[in-house]
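One chain, subunit A, links the two complexes that follow: it is found with subunit B in the first and with subunit C in the second.
Right after this comes the complex of A and B.
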């Protein structure tokens, strides 16, 4: 799965997440959005706005339910933007 | 697409005389609205108009669809589950059910990160409780609904198209009459132990007449704007049925689009000169926090005459912050209207007067805490609390403050609020015990809310039932405790859930869990697991405290005392509310 496109998306998402969280947690591919970063549903929405604007696409709501890790997140974005 | 460019929103001014909810049934209200030009309008996450459904078209489409639904052969009064996404299909199906004599049951359309299984289970619980025989969801939710319905053998589950492809029957339609069901509402109930609020046509029409008439006094120039979900009583009754029953146009944003881009809300009000829009306090907070200061001046909120608020404690400081933020856009703080209501009373119980803004009662917090009396604060008061007046009860209804023995209390004494009148529910579906607890033989509804009266004005001070309210959503503590108690090695009554003010005074959910396990690693794993499960089910983060067995206090009858558990927690964690952001999941005890 480690295509250059995937790596680029992962890097962008990691950078966005680091801007939003105020915890001293290193964000990696395996980081869990809820358990490690403690994201609540409103903050998730704020982050999604950034991600949508960054990649210029609209994120299907039900895909959220399949995302646990930062890597899952990057994969979903890659799938949506057809990268 | 050219068709999109040709879309035009329905007008604000109508061609027919305004009638404020004086109808016997919802279909009668729609039949009248259909003679005018107004209707519903749907906007995308980019703020573009994507669909227009005038009431006239809604009437025709709903009748046509109803003839198809009748062909399903369901008995009159059968429940029809609708995953309540904000789109024309939901509205069309809701009214087709009215014409076909089927009871629509709006179901929540909200998923959380990693929460697909929790979503399926939630839907399954509601399908089972409602006894739904058919269900409809949009393409994004149909897989959840189908999976939830699989074990229950629902007769018909599909997307809108599945039902639209059915043949129309020739039989004349028999819409619901005034003494029959209007819908079944699940919003304010527990998800683990769901209770469906049964609302009749009479009840909802009485409430709609109260809301649009004496409550808010709708006018010819009014236009509504809403991002509230249709599975919430304020979204369904307040922002779909009330505009329809008063023939007003309404502009809708998807709840999720609002949560992602709150600025869409003021932008939409500006665009069509909206006059009425409601939100729980948290929506105002979110919008004020997330709007770009440089964008404020481009909005024009001068038309917004009723900025309603309710569904969670009204916070004057947050509303003031909103008013200040949007003052450059001509927002008038006198537009704020505090309200009080609940699904068990259709929606509304009381409104503060329109045009006065938030009016508050400054009381002595110590006297309130010690003696449950709301005494006006004076120079001697060490601690002052600002309470919000939520207006007087709708005409035709009665409101009483009672003590635990059911005795009415005098002015300014805190007690349990009871309401009686034509808007009150018939009961909870298939739950005689719960119905008896909430509804007396002579028609009084125990609201479970604590408050006091000053003259005829009501003030809400809290919940009797330990309800946790986060972002306008009611969460039952027993639901959260049940999630924890499903874990191995955790027994029933090992968990207590409640909320406390967090570092920024926002409500924070705390779970205190008893565990025999003292190893740090296993304790940390348990905390992780609890937070994961709570998030999947409720979409919120929580603070978990692990304590030794026998720590949680019980009442004399052996039940968990959440209020005592909360008090003990605050004593153990004195600096919880003042500390920097708590690292959720820290172990204590």
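Right after this comes the complex of A and C.
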């Protein structure tokens, strides 16, 4: 699972999340976006747009339900960009 | 989690409203006095949140034709368009809508919501791609979900973002469906349609425009934003509703693609619901004829819209990006919005209360909708009502 590509994606996503959340939370692979970071649907959309632009891809909204943790997020991005 | 546990957050939110002494989601119009006035809580109230843009709900011709249909055809069709629920009036309305838009095909649905569900989910399926403006209506989101297609959301009114997402799709862009709205329901802003048409043609995609809030409002003949922007023939599908400018209920889709007629056979929301009642169809046909007859209602609507927009602007309120029949007033918080909404009702003025996620970008709004039936004095009363809010320390400070 922890390929260099996955690690790079995870690091980028972690950096983006830290920019968006205004509270001190240590973001790890296991961090849950809703339960731990308290993200609401609007913030999720803003973060998603930032991630899409960073990796130059478009993420289907249908796949959002597959994402619970930061690690899930990185895996889904990796799947979409074919990394 | 138990079935009812999911409703605990709803119960908590409702309790919060009760504690504030405000319940904007259970307003009862005890008596409808006119298109612009009703009795609420025993008091006469000026209605400025109805979407009754042309004020046709009490038009004598619409009422008379509805009454005639009620007497001659009964209270309801009791069946689907695909079964026993297509009467001569339904087909006549479809022909009239097609002629009005200059299209070969038209389908009438039972509501605007199910028109979007039915058309989007029948046109697209797994493996297809739909690109929707982020501020699109819930019925568009739900139609997309029902389809099983990949749903890509582009930034609101941002053609460059749409372009970028189409580019990323490569060959798939040629089979993509783009969906935008003529006038967005919450902020009242219009889609940059000419630019979106240019992009859709560049990539060979298809374009659907929901003219729910722009039918009867925009365009020389009231056909919506596509007409106003001179690109009616470039839009593949136009969907809309009868429940705003036309003052009744129902929905439609028109197109020059002959395949639209096949949507009837593939659309669950067309097949598995009762068709609009004869009285509804009759009043829609009368309203459509009135809309076609001239521009005086549209002209009056725009006079009122500009008067309200510029008046509120002068008072210092932060408003939606452009004047129109939907005038959105930004507020600072949910609590403040609730207090202002209640204060307006106390003054005898009803507007819409919009809280997240209904409002874009997590904003809170007091949403006014203007009608051709509003008198200049009523628009002035609205302005006075908002002015009174700025005079109270608990209400909206001007920006």
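The rule is short, and it goes like this: the second predicted complex is superposed on the first by the 83 of 83 C-alpha atoms of A that agree within 3 Å, B and C clash if a C-alpha of one lies under 4 Å from a C-alpha of the other, contacts with A are read in each partner's own complex, and residues count from 1 in each chain.
Keep in mind that, in the parts below, contacts are C-beta pairs under 8 Å (C-beta built on N, C-alpha and C of every residue); 3 or more make two chains touch, one makes a residue touch a chain.
Keep in mind that this is a model prediction, so the values were computed, not measured.
Look at A:41: by the touch rule set out above, it reaches both subunit B and subunit C.
In the superposition on chain A, no contact is made by A:9 with either subunit B or subunit C. Judged by the touch definition given at the top, the superposed model places A:56 against subunit C, while subunit B stays out of reach.
Once chain A of one complex is fitted onto chain A of the other, the partner contacts of A:65 are limited to subunit B, with no touch recorded for subunit C. Once the two complexes are laid over each other on the shared chain, residue contacts for A:33 go to subunit B alone; subunit C is not touched. When the two complexes are overlaid, the chain among subunit B and subunit C that reaches more residues of subunit A is B. Of the two partner chains placed around the shared chain by superposition, neither subunit B nor subunit C is touched by A:75.
Overlap of the subunit B and subunit C contact sets on subunit A: residues 40-42, 45, 49, 58, 60-62. Contact residues of subunit B toward subunit A in the complex are 45, 111-116, 119, 140-141, 143-144, 256, 259-261, 286, 290, 471, 528, 531-532, 535-536, 539-541, 581, 583-585. For subunit C in complex with subunit A, the touching residues are 134, 144-145, 148, 150-153, 155, 165, 168-169, 356-357, 361-362. By the touch criterion given at the top, residues 22-23, 32-35, 38-42, 44-46, 48-49, 52, 58, 60-62, 64-68 of subunit A touch subunit B in their complex. Of all the residues in subunit A, the ones that touch subunit C in their complex are 40-42, 45, 49, 56-62.
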